[in-house]
Amino acid sequence: MAERSTIRHKLYKIIFEAETPAGKAFDVLLLVLILSSVVVVSLESVVSLRRQFLPVFQVLEWTFTIIFTLEYFLRIYTTPKPLKYVFSFFGIVDLLAIIPTYLSLFILGSQYLLVVRVLRLLRVARIFKLTRFINEGQVLTKALRASFTKIAVFLGTVLLLIVIIGSLMYIIEGAASGFTSIPTSIYWTVVTLTTVGYGDIAPQSALGQVLASVVMIMGYGIIAVPTGIVTVEMSRSDKKIAPTRVCPNCHREGHFEDASFCYNCGYKFEEFVKPTS
Amino acid sequence: MAERSTIRHKLYKIIFEAETPAGKAFDVLLLVLILSSVVVVSLESVVSLRRQFLPVFQVLEWTFTIIFTLEYFLRIYTTPKPLKYVFSFFGIVDLLAIIPTYLSLFILGSQYLLVVRVLRLLRVARIFKLTRFINEGQVLTKALRASFTKIAVFLGTVLLLIVIIGSLMYIIEGAASGFTSIPTSIYWTVVTLTTVGYGDIAPQSALGQVLASVVMIMGYGIIAVPTGIVTVEMSRSDKKIAPTRVCPNCHREGHFEDASFCYNCGYKFEEFVKPTS
Amino acid sequence: MAERSTIRHKLYKIIFEAETPAGKAFDVLLLVLILSSVVVVSLESVVSLRRQFLPVFQVLEWTFTIIFTLEYFLRIYTTPKPLKYVFSFFGIVDLLAIIPTYLSLFILGSQYLLVVRVLRLLRVARIFKLTRFINEGQVLTKALRASFTKIAVFLGTVLLLIVIIGSLMYIIEGAASGFTSIPTSIYWTVVTLTTVGYGDIAPQSALGQVLASVVMIMGYGIIAVPTGIVTVEMSRSDKKIAPTRVCPNCHREGHFEDASFCYNCGYKFEEFVKPTS
Amino acid sequence: MAERSTIRHKLYKIIFEAETPAGKAFDVLLLVLILSSVVVVSLESVVSLRRQFLPVFQVLEWTFTIIFTLEYFLRIYTTPKPLKYVFSFFGIVDLLAIIPTYLSLFILGSQYLLVVRVLRLLRVARIFKLTRFINEGQVLTKALRASFTKIAVFLGTVLLLIVIIGSLMYIIEGAASGFTSIPTSIYWTVVTLTTVGYGDIAPQSALGQVLASVVMIMGYGIIAVPTGIVTVEMSRSDKKIAPTRVCPNCHREGHFEDASFCYNCGYKFEEFVKPTS
């Protein structure tokens, strides 16, 4: 019994963690399997290739599916809280990664199921969760979350602009030059403001081109705003020292933002110049 | 009388403010109404949909209009200064939001009136005015206003470049490859410098392509300038402390920009070292 | 005599400077004239308009030219050093602004001469020279000059990349899909790396599209480099205080970068922590 | 003997270094030769030019090749460690720069060999290695290396997004509107997210255009992230002071990164708090 549970614990350490060499090896193997399975799925979508190598694809697909199925059940078996895992985000993703292949037996040639398997990519996230990258990731996400409201305001204003400009272009250009409806014009405005510029729809009239130019220069310029926001946020989440904070007792400067005692003379700060955040 | 005025005041608090739960609910409802009305307007502009669902659109449109009309008159009724409201920016927007539908009774099928209704979106701004977003918005606008002159200089130089390059391309490429006139060439230059790149007009001659490449790399590079401006401005408008400001009495530095007393010795500032800008 | 010279001096103050109200008025008038003359030139290039309004254009053109000619000679007359002005940058630009129209009398229908007149725009620079914008402009140019070498290195590397990638695409795609020669492929690479993306040339082969994707993501990413350079440069040219600089005598921090005495106790700095620049 | 070795040493100083005037001159000459040889190679790829000037191209090509061959052997002769040079990066590049021309004698009309010669451009890197640009280059590369993990996380997430969105678009749009396979859809997603926007493939369905708009705005926004990363990294790699470094003896902070003694109390650092990266 005890021995069995130890095996289970060992497996748990291998499958769910990445401290042990075996755990690392497992993660690398899993990463390779996931990526190659996604490659197979996308190659399978190429008609010419599908015609030629259908059997190969099917064999590979089933191999991946069986391996992932085994892994899935191993995870359920080894984890102390099976239910919690099954209904966790990654539990559901793991299930989505294997179900489509089985379903494809009953629902034939379902292209949609094919593509669901691409979601296997999300499983890569778990692996990264276990690596040093996560710290960096946290720094990024922290910075982005901190600047969320600012970016929301910015996006809101931009969307408002897009709708109004789109409607204007609809009036100015009209169906003749491809601005067949307000939604289409809005689509064009997005394409232009983001400097993507497909060219499938382009203004023909002089006035339309003038307005378009304004939109482009606008879009070219306002990209500066989110960049500024994120940069400032990052540089803040980055520096931990408040250069303006001075100990009233020993006048030593450069205390940490969260310091409550002077690191030099141990003086207790009653009030201090908090660095704005 | 008094009671009536209290009702009026209550309504005012609900319609114009967002402190009370009722006020918040009203804002959310209004937001939903505005957005969905704009959605209706834009869907109505899709020919195929208009053909099919014209009656539906009309019913919806009139419902929105009547609700907004009621709201408009309620605003006039509840506000202490009706005239001031009517001629305020939002007062006019509110009117523009309802008039077109009524006019459409007399001026039939006027596409332009249709689109004016999109301006209802501007009313969203008012709602945001009442939310926490406004602070962030102020930070952004403050930063942008502060960097206005710099950006103006930048834009001026860019526009000057655009016109001169445009004229050059007009000479080099000529009407044959779509550069039919200087305005058209200028339009092409904007499209290229902003990296939008429709491709409706593209240089054919070797020399033209060389110049085009220069323009692209230029446009690719100078985007750095507005970004730098805004970022620096933001990071400054971000910290509220004036590091250069020193109390003439106790020489303590790092006072708040808007401080009028030294936080250390309480000395009243007559003159102070303005933070460099 | 003396009186005459005073008139001359007054005119000088009006034409060359902008301190006096008259000087300001003159600048505004000149700005309007320059811009509208450029507008006329570009409208004249539109074939349809030229056909219709040729006489109008000619009248306007001659009016502008005569005014600018008068201004040119007034400048020569009023300036204390006529020759120095004539051979100065703006002196030459002023000449270029009027010559083409006169030449067009002898060399008929010369489109090139037409366009040279667009260079009148350069004269706008002089007017800005006299305004508050110049300071901002100096900040910008200073920052850009400071980061010149960095940007040169960056551009050099990018150009090297562009040529090599271009040649690669020429091999991979070949003439069939529009990559008719290495120069053309290089042109395509510029169009793609700068995210302009005309679409007049686009990779067809799988390998070509893979490489193209790499180029795009590269171009999308490396824009961060010049932006970073400029931003850092600007933020430096922006702050004049060295927060890390501490007086060894009184431990007061936050001295100016170029200070050689402590602003607090007057202590002479022998060695100090120089902020890197 | 000794005299001969001195000649050899002199040549070494000229060819491999750039301190002496002769060395500088050699570098400039080499730079000109490399660039012009690359220009010749690319012009030769233009069919029309090749037809007309084939003999000229061949003469030039052979001249360059012979000069580079001489240079190559001179490098082998003068360097103290010939083998080490031959198998060094630049040694191989130097060989690649001359081999193709000789091979073209046996393998006729090999377009590929033609292009290999473009790799001569890499030799330019060596010359820059000897100039002041290298320092700037190091600053850039240092900043980029420092922010590598952050950028890797960012790129990883973006690529994951691209694959998933690509697959989605494949389902939504399908082969009809050019999204013939998942790889193609992924290619389209890259083209759109990076705001390149060729327009060779563009969504037709309403839903597709909505998703496309989301992708564009996303791509337009997330460019802020790498920019932010690099900017912050640069501004840090810019100041040479380690704010987190504290003397274990006197607790004075803000030492230079390369300091081995405390500038305050002269305490010798055994270990020190590395600046966070």
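Note that the chains take the letters A, B, C and D in the order they are written out, and that residue 1 is the start of every chain.
Keep in mind that, in the parts below, a residue touches a chain if its C-beta (ideal position, glycine included) is under 8 Å from a C-beta of that chain, and two chains touch if they have at least 3 such contacts.
In UniProt terms the chains read A, B, C, D = Ion transporter.
Predicted model only: the values in this text are computed from it and were never measured.
Engineer: Give the rotation angle, in degrees and rounded to the nearest 5, that superposes the C-alpha atoms of chain C (Ion transporter) onto those of its identical copy chain D (Ion transporter).
Structural biologist: Rotation angle, to the nearest 5: 90 degrees.
Engineer: Have a look at A-B versus B-D and report the one with more C-beta pairs in contact.
Structural biologist: If we tally the C-beta pairs in contact for B-D and A-B, the bigger total goes to A-B.
Engineer: Can you check how far apart chain A (Ion transporter) and chain B (Ion transporter) are, centre to centre, with Cα atoms defining each centre and the answer in Å?
Structural biologist: Measuring from centre to centre gives 28 Å for this pair.
Engineer: Between chain B (Ion transporter) and chain D (Ion transporter), what is the gap in Å from one C-alpha centre to the other?
Structural biologist: 41
Engineer: Check each residue of chain A (Ion transporter) and list the ones that touch at least two other chains.
Structural biologist: 183, 186, 195-199, 219, 223, 227, 229, 231, 235, 243-244, 246, 254 - these are the residues of chain A (Ion transporter) that touch more than one other chain.
Engineer: Within their complex, state which residues of chain D (Ion transporter) touch chain B (Ion transporter).
Structural biologist: Interface residues on the chain D (Ion transporter) side: 195-199, 227, 231.
Engineer: Applying the document's contact rule, which stretches of chain D (Ion transporter) touch chain C (Ion transporter) when the two form their complex?
Structural biologist: Per the stated touch rule, the residues are 38, 41-43, 45-47, 111-112, 115, 118-119, 121-122, 124-125, 128, 132-133, 136-137, 139-140, 143-144, 151, 155, 158, 183-184, 186-187, 190-191, 193-200, 219, 223, 226-227, 229-231, 233-235, 238-241, 243, 254, 256, 263.
Engineer: Which chain B (Ion transporter) residues qualify as touching chain C (Ion transporter) in the complex?
Structural biologist: My answer: residues 149-150, 152-154, 156, 160, 163-164, 167-168, 170-171, 175, 180-183, 186, 192, 195-199, 202, 206, 209, 212-213, 216-217, 219-221, 223-225, 227-229, 231-232, 235-236, 243-244, 251, 253-254, 276.
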